[in-house]
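Look at the two complexes coming up: chain A is in both, with chain B in one and chain C in the other.
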Partner chain A sequence: MNRFLIPLGAFVLLAIVLAVGLKHSPEKGIIASPLIGKPAPAFTTTLLNDTNAKFDSGQFKGRWTLFNVWGTWCFECRNEHQALLDIAKRKEVRVVGLDWKDEDPTATQWLQDLGNPFDVIATDHDGRIAVDWGVYGAPETFLINPQGVIVHKYVGALTMEAWEREFLPRINAKS
Partner chain B sequence: MTRYFVTSILVCLLAASPVSYAVDTTQMPTPELQKRYLGLTHELRCMQCQNEAIADSPVSLAADLRRQVAEMLNAGKSDDDVRNYMVARYGNFILFRPPVSAKTIWVWATPGILLLIGAAVAVRITKQRAALVDQDNEPVEEDIRSS
Partner chain C sequence: MLPELGHFALILAMLLAALQGFFGIAGPALGRDRWTAAVTPAVAGQFVMLATSVACLIASFVDNDFSVLYIAENSNSALPLFYRVTAMWGAHEGSLLLWIFLLGCWTVAVAIGVSKLPRRFAARVLGVLGVVSFGFLLFMLATSNPFLRLDPPAPDGRDLNPILQDPALAIHPPILYTGYVGFAVAFAFACAAMLEGRMDQMWARWTRPWTTAAWAFLSVGIALGSWWAYYELGWGGYWFWDPVENASFMPWLVGTALIHSLAVTDKRGLFKSWTLLLSILAFSLSLLGTFLVRSGVLVSVHSFAADPTKGIFILVFLCVMIGGALTLYAWRAPLLKSQAGFDLGARESFLLFNNILLVIAAATVLGGTLAPLISDSLNLGTLSVGTPYFNPTFMLSMLPLTALLSVGIHANWKRGRLSDSTRTILITLTIAVTTAVILVYGVYSNGKVLSPVAATLGVWIIISSLIDPIDRMRRKLSLPRSVVGMAVAHVGLGMFVLSVTTVESFTLERDVALGVGQQTTVGNYEFRFQGVEAIEGANYNGVEGTVVVTRHGFPISVVHPQKRQYWVQRQVTTEASIEMHHGSNVFVALGDDLGAGKWSVRFQIRPLVNFLWLGAFIMALGGAIAATDKRYRMAKEVTAPVAAPGGVTAG
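Here is the complex of A and B:
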């Protein structure tokens, strides 16, 4: 009896280690952001197609904001676009876009073709804002509360199911 | 003619040397900064490709992170400043060598624990065998099985 106990124990231990490893595997693409619960990183940048107008991260304050990082080179962004349009239509939050490492004319054409869900579109031509926000792959979407604090981050193409499951409860709980 | 031929072959070989394939051609102003830059870019993970260091990755995010490292070093920041900056934004996952903390201690402790278990097993088997030597000439496995 005793001689089976040790291998069995070793097996259970190994199984636990592997299960934990699988559960936390970054292969699923979800790497928890350390920025959750922190104030939105500060930046000031120009708006899409308007180098005179600025967007400042201070403008996040005052109401709930969905901050969506996208680019026309990003395949998944095309897949999530309809969800963004639908969310914008519901008017529950302000939708701010960050056009990441993109060309203004290409981005404008994309919005003309697919529709524009954004209230404001800030630009990040050289990718510095994205680095400061810990962005590693578009699309990424941050939920920012009226105090300007990041409440949630969603990686990958947004869907209405994700919106109702992960975003709405947070907005309703805290507003 | 021959000399021209040999020279052109040499030029081709030189052009094909690994240096020309380097993803990162950044030159820091001093050798000391260059050394620290190379060290840091090799220990930070490219978050997009995940199993490559930002030093080796051709994706644009890795280039942006390398630029960030270079700028911070040029501004006189320490290696730890750079690491902390990256961890504050991307989490411990960006470090190939995670820091020792309550949450990660098992990563560091497990190999040691396994080594101790292995050593204990080895000592036990050796002792058992040593105890048997004087008593009989039967194969050791037989004795262990019957004990």
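Here is the complex of A and C:
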């Protein structure tokens, strides 16, 4: 037995561990939110283009809701917009948007150009609500169940594959 | 246009790297001199292409070209010019380009340095470097191209991660990578020696200055990172045993072992196979570090890019490079025989223990870093090990190492008996114990059990390292740079050990809620909180507190810790204020607004903490002095006329 083969053997073992670790890693790449399983953080804010109407986080209760944090300054949001439109069309959930750190006129123009997937659009002009929600960078999307509890958080541009893989199973399992 | 030019230059660089690798390895193996001669032009060409590519990316950053995805994600028009340049390596794609560019710089330096070495050997060294470069360029073009366009262009960028907007962290990656990448040179020399079948003392001598230089850069890089974490992350720690930190620390430990073992191989022709193995390991750990940081296998506070597909690519690359080198090693190393023996009390023995302890230390760090992965792959659940594991296990190998250093540094090569230097050892030890006792019980107090021991070891190293150079000066002997460098580096280590001891033993820390005009006392210092004011910077706003510091009533300073919120990413950073006084760092960081004018404020008094980074810089300085010793330049000229021996040739 060649003792100089030992380092190679040790490396092969290490490579196996790394390969297994890699197989398990997709779940870990996601920034876990401590909010999952907790009631949605409370807030009350005005609606887009309507400073008299209010949205209150209590309104999350009663229906499955997709809560999407976006802004016109965020280019990834543009990438996910089509997916949001498609999801909205399927009417499986209510889609609530949070227009984060944005100007109402630009946001309105944006929605006119690209289409409006949102049932309700709450605004967060100074970014306070996003801080409470632990938003790391737009776009981020939360799934909230009819009891008003956050079930899932998705970071980055939403896609239909992500919707079918990560959101639909959770809705179907628990409703 | 610039991004496309940069992209195109990258593709050309990859092709040239492939040629460099192929000609460098196949040329000497098949005895084709024309192929061998083509290696150096390929190196030059590749370097020009890489430099063009880097210049294009930086120019696009300066230009605020937000039609480039990478720039839109990592820059912003409000970002100051300096950070627009350093934002180039602010995330995965650009830092990879920087990595490859620095490899190109090392390769050019090596190509110049090896021009006096036997041609076939030189070609093989450059060939191995070409293969490394090719792998990384392929990886970059396939998975992490920084030049991808964004359509339509973003109106403005998402900004550079605010915690990276700091001078120390801006220069940290280039220096750290220079060290990382530098180990590729030792790796290439080892592989070339094995391919050539010429694993004598000469390759060790040729490798030494390169390895020492790489090690010095790595030391500075790690120290800068630690310094940054200390003042920027806001909780005053300097080392967290975080996977990313460990990723740079493991190659450093093995690299330290390597420079010592290279000394033995160079001077005495011993430890040849061991030195080869360490050369492979040091670079392998650099690659492994890249894998751990970039693949998302381990989640870390520092890793900003995590993507499993990239992980698969790096893993395959890792298998090819490390697996290939270790196979070569298993094939070639059995041919090596060491003839010379040495006494138990000789310097060789001490360096052997040095190597064993350093490798054990690196292995414990590796084990701790991979523990979450291993437990996960065995389905034992997610396990994470932290400071409670790392600190004691690391000390277990480091305490004996530092003691052995102070004893072994006096030992002679080959024939050494401990009794020869008993007197020196006893005298230095007595001075060290006395100093440590005064320091621990006189200057500070209430240490832990290990404090006097560790302080003794720190002082002992400093004194012992100075004995030999002082003795040489007294006897008017020559004082070569290698001797000076070694002494300087060891003094740096001693300072480092001393600093860690005082910081870990005597740090005072308090988190207090203070209203305007309220005061608190920490150790000998009083702090009066004068409230906060709003501030505004180029791309952030925030608050700045005012705290008056006094010592026993005597005014010392007025400090202004800040909390900033960066506009684009809405991220909050803590800018602690740090004042040095009587060798201690007085650290004040602003915590949370508790309402009603009250703020939580963190105070720390850390004695001698600056010695930590200063020690690391002095270690690196020692390395730099030693790497420029005349001996290595002479060696090359002497061996230049020697033709490559027949020996065993590959192919």
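Heads up, the rule we're going with is that the second predicted complex is superposed on the first by the 146 of 175 C-alpha atoms of A that agree within 3 Å, B and C clash if a C-alpha of one lies under 4 Å from a C-alpha of the other, contacts with A are read in each partner's own complex, and residues count from 1 in each chain.
Heads up, the rule we're going with is that contacts are C-beta pairs under 8 Å (C-beta built on N, C-alpha and C of every residue); 3 or more make two chains touch, one makes a residue touch a chain.
The structure displayed is predicted, hence computed values, not measured ones.
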If you stack the two complexes on chain A, which partner ends up touching A:45: first (chain B), second (chain C), both, or neither? neither
Looking only at contacts as defined up top, I'd like to know whether chain B or chain C touches more of chain A. C
Does the superposition put A:130 against chain B (first), chain C (second), both, or neither? both
Taking the superposition on A as described, I'd like to know which of chain B and chain C A:17 touches: first, second, both or neither. both
Could you tell me if A:35 is touching chain B, chain C, both of them or neither one (first, second, both, neither)? first
Identify the partner contact of A:101: answer first if only chain B is touched, second if only chain C is, both if each is, neither if none is. both
Which residues form the common part of the chain A surface touched by chain B and by chain C? 17, 26, 101, 127, 130-131, 137
In the complex, chain B residues that touch chain A: 47-48, 50, 60-61, 64-65, 68, 87-91, 93, 110
Where on chain A does chain B make contact in their complex? 17, 26, 31-35, 41, 101, 126-128, 130-134, 136-137
Which of the residues in chain C end up touching chain A in this complex? 72, 150, 152, 154-156, 158, 273, 277, 280-281, 284, 288, 291, 295-299, 306-308, 311-312, 315, 318-319, 322-323, 326-327, 329-330, 333-334, 370, 373-374, 376-377, 569-570
Listed in rising order, chain A residues that touch chain C in their complex are 2, 4-5, 7-8, 11-12, 14-15, 17-22, 24-26, 28-29, 73-75, 78, 101, 127, 130-131, 135, 137
